[in-house]
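Just dropping this structure here.
Letters A, B, C, D and E mark the chains as written, and numbering starts fresh at 1 in each.
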Amino acid sequence: MQHYLLIPFLPFAAFLINILFGRMLLKEKAHWVSILAVAVSWVVSVMTLLDVISGKTLNQDVYTWILSGNFRVSVGFLIDQLTAVMLIVVTTCSMLIHIYSVGYMHGDSGYYRFFSYLSLFTFCMLMLVMANNFLQLYFGWEGVGLCSYFLIGYYFDKKSASDAGKKAFIVNRFGDFGFGIGIFVIFLTFGTVYYEPVFSQAAGFATKSINFLGYDLHLMTVIALLLFCGSIGKSAQMPLHVWLPDAMEGPTPVSALIHAATMVTAGVFLVARCNAIFSLSELALTIVALTGAITSLFAASIGLVQNDIKRIIAYSTISQLGYMFLACGVGGYTAGVFHLYTHAFFKALLFLCAGSVMHAMAGELNLHKMGGLKKYMPVTYITMLLASLSIAGIPGFAGFFSKDEILWLAYSSTNPVGKFVWLIGTLVAFLTAFYSFRLIFLTFHGSFRGTHEQEHHLHESPKTMTVPLMLLCIGAIASGWIGISNLIGELVGIEHLNWFTGFMQPVLGHPEGHGTHAEEWGVMLISIMAGVSGIGLAYYLYIKRPELPDKIMAQFSTAHRVLFNKYYVDELYDLLIIRPALWTAKNVLIGVGDVRIIEAIVNGVPASIGGFSKQLRRLQTGLLQHYATIMAMGLFVIGAFMLLRNW
Amino acid sequence: MTMLPQLIFGYFAAVIVLLSLLVITRKNPVHSVMWMLLLFFHIAAMYLFLNAEFIAAIQVIVYAGAILVLFLFVVLLLNLKEELEADRFVGSWPVAVLVSGGIFLGLASVLRSFVIGRQGSFTVELIQKVTHTKTLGLIMYTEYLFPFEIASLILLIAVIGAIVLAKKRMRSH
Amino acid sequence: MQFLMPDLGPVMPEIIMTVLTLLILLADLVIKRKETVALLSVFCIAAVVYSLKGSLGTTFNGMFISDGYSIFFKLIFLLNVIMTILISVRYIVIEKINFGEYYALILFSTLGMMIMASAGDLIVLYLGLELMALSTYILAGFIRYDVRSNEAAVKYFLLGAFASAFLLYGTSLIYGLTGSTDLRAIAGYIAEKGLAGNQALLLSMIFFAVAFSFKIAAVPFHMWAPDAYEGAPTSITAYMSVGPKAAGFAVLGRVFLTAFGSLRVEWSVILIPIAILTMGVGNIVAISQTNIKRMLAYSSIAHAGYILLGIIAGTQDGLASVMVYLLIYAFMNIGAFGVIIMLRSENFKGDSLEDYEGLAKTHPVAAALMLVFMFSLTGIPPTAGFIGKFSLFVSAINAGYTGVVIIAVIFSAISAYFYLRVVMLMYMKEPKETVVLSTSPALSLALAVALICVLAIGVAPATLLNFAKFAVAGF
Amino acid sequence: MDQATVNTLGFPILSLLIFLPVAGALGLLLMKSSQEGLIRMFALLVSIAGFLLSLPLFTAFDKTTHAMQFVERHAWIPAWNINYHLGLDGISILFVLLSTLVTILCILISWNSIKVKVKEFYISLLVVEAAMIGVFCSLDFFLFYIFWEAMLIPMYLLIGVWGGPNRIYAAVKFFLFTLVGSVLMLVGIIVLYLYSGGTFNILELSTRIYPYDMQLWLFWAFFAAFAVKVPMFPVHTWLPDAHTEAPTAGSVILAAVLIKMGAYGFLRFSLPILPEASKAMTPVMITLSVIAIIYGGIICLAQTDLKRLIAYSSVSHMGFVTLGIFALNVQGMEGGILQMINHGIVTGGLFLGVGVIYDRTHTRQISDYGGVASVMPVYASLFIVFTFASIGLPATNGFIGEFLILLGGFKANQWAGVLAASGIIIGAGYMLWLYQRVFFMETSEKVSGLHDLDTRELIALLPMVILIFWIGIYPDTFLGFMHESVRHLLERVNSGSAHGVSVAKNIVEILK
Amino acid sequence: MVPLNWYLILSAAVFSIGIFGFLTRRNIIIMFMSIELMLNAVNISLVAFSHYLQDLRGHVLVFFIITVAAAEASIGLAIIIALFRNKNTVHVDEMNEMKG
């Protein structure tokens, strides 16, 4: 099974080739290297998946990376069910998006650069999912962050783009801060940072507590929450979600690959990977669930009123990521990963479609400048519609199965907040359907609202772009079929229809819903209702009565403003963190600390010595008598002192 | 009769102190020199009183005869008129009073613990018998030959110095 | 009374020096080229140095002691005078004081120092001191047409005479107390009679401390130094800043450690504040100077403060470090003055700090020399200055004066400021006007010797240290 | 002397390393100032020869022992029992290699930018190199001090003669700051020497036991010298000025090697000689380190001057180093040592990079830049490597060092670990902001039309980039050197503490 | 018999008066004369000591002091004359070319 090494290192080789020779030699042909590499990776991934299905897993060290005292960590790979699924998700999406980019990025001055970043990203993401220890995970984790930084800021001459890249990286660092400390605690607890010994020993520490920063806390809760900090950052959960909408400054394929399908799901992956730890802490799970639920509602509500096509999808991503955490929080790791998997397809598809639209609209992003595009770009329209149906949870589409499983697990969970998060989940399902179709209707239906010039340019995208759309569309529809609820299986008479859950069981365990079949049917029905009614409402508001939204907006202008401004979170951070930091730096640390105190002493002492020197100089008057008097006084003082001392 | 030495000492001491004060307080330097001449004679007399005839002699010959004359020469070179119009003391003289007074008190106060050192062999009788000049000459040219030679060098430099510093040609080529 | 010819062996260097100097004085009458006189002087010194070798011993009833201690000091004096003569040759022509007496007086002055170093009797000490001092007064005022030189001489002379009076008063007191002027006899008598706590003895010691402090220019008896150094001919400034100071330390060490050996506690109580004040005033006032000669005068005051640490330590190591330091100081200080002299030309004083601006650009070699000497004066390794300071500090700490050493090192760090300013002016400023250097082979030789010794002692001080240790062993 | 092994190379490699640059400087001294091309070439050759000469250290070093290697010992000043005693162990060897490498790069980067007093410049540079190597090789405290101080002279000149507009102030500040610190150390050295009965041998001093009170005093005396050099908060203010005003080569040497000497001093002297005091002072040192990390980091946010920002970032990074060292555990200490190397490479690289652009634009104001990445893509991509290494991205050297330090720091003191880790966030903030302002956004007026790196500059920058990844990906090459030495050092520190406890117990008993 | 201390007090008095004169007079020549006063004070005590110690060393020293005083006078006055030639004054307070 040694060929697994090809999976990450081929993209890495592609990266090296592109970055070293791209500018001078490859230029317009740069994509070949990358695509070839990722395609081979994909093939090997599929082979790996087949191996895993046939029961072969692998945990192997390649070489010792860091060795210091009793701390040892290596570059090593763990290939199990979870990894295998992630490999498929990553390589598939990556490959399709690589192909898509050939068309999308055509003619860009940094063509080679773009592909080398994509390859690097693929490498890092694969290192992340294939790691067999926390530190390598961290390596991939930061590596994808780096690529995200590069790709968001790809159009670096735009201030907004470079700002967004920087923001993404720094906000992520806040999460990584906790993640890093989590790794320290893990090492200090278990004496190792390898998954295998950590997870297998975790149960033994279930009741242990730890003195953390002076507080006695439950050990597993501490570790789980610290790790979860990393997840919050990477997966853009509240309160570290602010970077993701801005990340849309990057080229659209990037948004699709990194900020929808793969990188942002790394947080979910982390929680799923560490389920052995999370499961030992009720409190941590509750917090995960609540964070996920609140984030999903929060993001969905913002998504309702945005006008920027990519931002809407971005908020939808945040919302869906929240969903996944919700799932994990109620113990449904499998469901979370399942949603991760389906989401990767339909969300990547949504983004790529949006990219296709942008391509046609010459970079225009405002929904209100679009309309009626379906006749110009039918492939885009249909694929996007199908993706939206999938995200809205319409039965039969991939999103339905994963979402339904999450909601059922939440509903039936023993966790005290289970019912609550179910309620929110259902509400979010409704909102998701609504804004997804608002997007569809405003973009593709009605009449074109842009300029004539734009209208003249409207066209369907080239084959390199539409073919990936269609391929992804298959995923968006069919990817869910491997995890159809056993309930439906019973209905149609197939036992263990939910193959996915079974497949994942060795890694993620098997959560059981605690409820009756009737309840389960009820939950499913409600979720379908939520989706359908969301679509209906969108249809009503944007097709039937297009004048109504403006009225509603006027009616609830305050609410709209709050939502439109994303609850002012960015402004809040600016006020609470950035400004105080800069102010402190300028006025306190430099102004007072360095200048008034340290430098005042540093320069003040010599200055006062200098001043003293000038004063002392004046004693040397040039007058002989004064000299003599000082001498005589010296004699007198010494004499008086000594004589009195020895009286 | 036993009081006589004390009385004589008292006279000389008083006059010496008085003359010293006069020397340093006269505005006219010529007067100072003159008072100093008188002072030196009194000191010489006191040396006689202490059985040091030779010292008394050179006190008169060298100090009064040579050094003071030198002083007088120089004083006469100066512009006396201007001298008489200018202040005689510097502004900081009160400090000097305190300091010099303090030093005097210090010097006087330690005398309390003064003890005389090891007695030598040159008793008054011996010196009177051989005469002071001879005894002094004897040890000067034997025991103190070395310092004596140094003193001769000092005088030599004094000559050189006086010539170098006072001769007419100021610059070399 | 039988007259026995005393043993003249120990005093032979002094005799040779006297005779040769007198011959030079006579030769001066017929020699027109004064450079020849300089050359003769150098030969004279060479002969004296040669004769030092076999001069160990005590003579004139203990009045003259030629031991390792004094021989080491004599080497310093002779080194000092030879360097001074070398840097003077061209300089006194420029200053238009090219008289043969100049050399004779320098030699006599050195003779005085040699006598001081060997003095075993207070009378000899006094006469040696006066021989040195009177010659130096004349030399300080040697530029007769220059008001500053006159002023320097007057101030130096009057204050020097004033200090001599103190010395004499101290001598008379101790004579009265012990009935002797011989240093060892005095020490013996004090020990015998247990006079150590006697107030009169204390007072006498204070007078000696004051008088010697004057000679080494220790605060507050340093007031003459800046003015005298600034006004005197530069070559003489160089000479004065090393020679009389070293001589002062020689007698300070000898008198305080021999005659007043039993008053160690008392005199260290006096000398410690004096040392601290000296370092403080010297270094601090030097900061605000604008004339380099004056700055080096203050620097020389400060160095006296450091050297006092060795005396305060009161051990053989301490004395050895004093000797080592003075020797090193002779090289670096005369080296620095050599560069200053180089800048002096017919119509250019060259003693203002501003004159050094951009020297590295116009005269890189001169600037580099000055750089080395300045860093050595600061005490930065690998120059000799560091070795000197180090040996002083070691002996002082070894004697238990860690606190004083801490103060000393802080002052030596402060001193970096003004030494560095010279380097800064030379290397980091642009030249204002082109300075013409007045070099001569003699000056170059002196500077080369100074440079080589400063670096060589800095890198390989072992020989010098062993020599000093050996020299002081019989003290 | 079981603590030292014989030199297996058969020739006095360390002496050669020290005196080769000195000989080179003397050679330069003999050249005519006008032959600038020849002077540069000669200096370059000397530095390359030095580097090649240092490579045998790398290969011949025996990693399985903590003993000193390549030892040379000759009597030097018998009067004070001072020896010319050189040797390397796992702690010091890497710095020697770093020094020889950095010198080459400095000469390359100064090739065209130094236009006046060229000869003096290269002489100073080579003398600095010799002194740096000497500091790391010395096994005699006196010898160490000589090199330590001797470095001040050429450094003073480098900053003061070839520096920026405010160079004189910076040079004097640098000199006085360090001098005040080191003279206090000198007193400490002498006290130690006298107490130990007259030896300056570091190995011997490191095996003695000293009274606790004395250790405390000595600790602070050493602290004065080392903390200034590091520089630790609050004696760091010379660094921004010195870095900012120094010419590129000066900044690089300062950043890469010179300020390491402070931390090295802690490792070589404070810890092994004064184990109990070091242990007792750990809280203070850790606090100061953490303050430096955060303080230096936040201040960077407000900097408008390119070099000044990097200088303050050095304060922050060196805070990590001291934190690691005083964590007093294996990870912290190895991380600290590695981070010293890393910081040398990364910050050295950053300064090299700044030098490249400064040569073209002659401005250090960040606001004058913008869009450099558009006109100088190769330069931008190398610079971003330095940027991310400075931030501590995994796979760069910065990560390995910082991770180990934080791990060690966290182990020693959780709060310290957590607070210091926040420095990583701040670091990302100011470095990325810096990069954005300089390289991204619209091309500014001053930047437009600049040509990209030429071969010489590329050669100067590439070794640093290679090292960044080498250490980041396979740090064992470097960490491997230190294991034994660090273990030995920690044993010494910890055994010392046992004694300290017993002393304390005795005191308590006596008081009772 | 006159006690030794009487002489010593006298000596101290004259010495102090000499110091006072030296510290206060503007005229250099008078300052110089003050120094001579101080030397004479020393001489008085030395001669007295010699007398009371029955020793001649004091006399020897006085002899040398007088010799040196003579030499000193010739040199000092020569210096003063040189100064007077350039500055046309013998007042110390006009002699502050160098200070600080």
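Following the convention adopted for this analysis, contacts are C-beta pairs under 8 Å (C-beta built on N, C-alpha and C of every residue); 3 or more make two chains touch, one makes a residue touch a chain.
None of the values given here were measured: they were computed from a predicted structure.
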Label-sorted list of chains bordering both subunit B and subunit D is A, C
Report back the single chain whose CA centre is most distant from the CA centre of subunit C. A
Using CA atom means as chain centres, which chain is nearest the centre of all the protein shown? D
Please identify the chain with the largest separation between its CA centroid and the CA centroid of subunit E. A
Which pair, A-B or B-E, has more C-beta contacts? B-E
Counting only Cα atoms for the centres, state how far subunit A is from subunit E in Å. 96
Report the inter-centroid distance (CA atoms only) between subunit A and subunit D in whole Å. 38
Mind checking the centre-to-centre distance between subunit A and subunit C? Centres are C-alpha means, answer in whole Å. 78
Distance from the mean Cα position of subunit E to that of subunit D, given in whole angstrom: 64
Residues in subunit D with touches to at least two other chains are numbered 176
Residues touching two or more other chains, restricted to subunit A: which are they? 606, 617, 620, 622-626, 628-629, 632-633, 635, 639, 643
If you look at subunit E, which of its residues touch at least two other chains? 4, 8, 15, 18-19, 22-24, 26, 28, 31-32, 48-49, 52-53, 55, 57, 60, 64, 68, 71-72, 75, 78-80, 82, 92-93, 95, 97-100
Just spell out which pairs of chains touch, all of them. A-B, A-C, A-D, A-E, B-C, B-E, C-D, C-E
Subunit E touches which residues of subunit A in the complex? 617-618, 620-625, 628-629, 632
Mind pulling up the subunit C residues that touch subunit A in the complex? 154-155, 158-159, 162-163, 166, 197, 199, 202-203, 206-207, 209-210, 213-214, 219-221, 223-224, 226-227, 266, 269-270, 281, 284-289, 414, 417
Give every residue of subunit B touching subunit A within the complex, in rising order. 90, 92, 95-96, 99-100, 102-103, 106, 109-110
Note: in the complex, subunit E contacts subunit B through residues 1-2, 4-10, 12-21, 23-27, 29-30, 32-34, 36-37, 40, 43-44, 47-57, 59-60, 62-64, 66-75, 77-82, 84, 88, 90-93
Considering only the defined contacts, which subunit E positions touch subunit A in the complex? 19, 22-24, 26, 28, 31, 92-93, 95-100
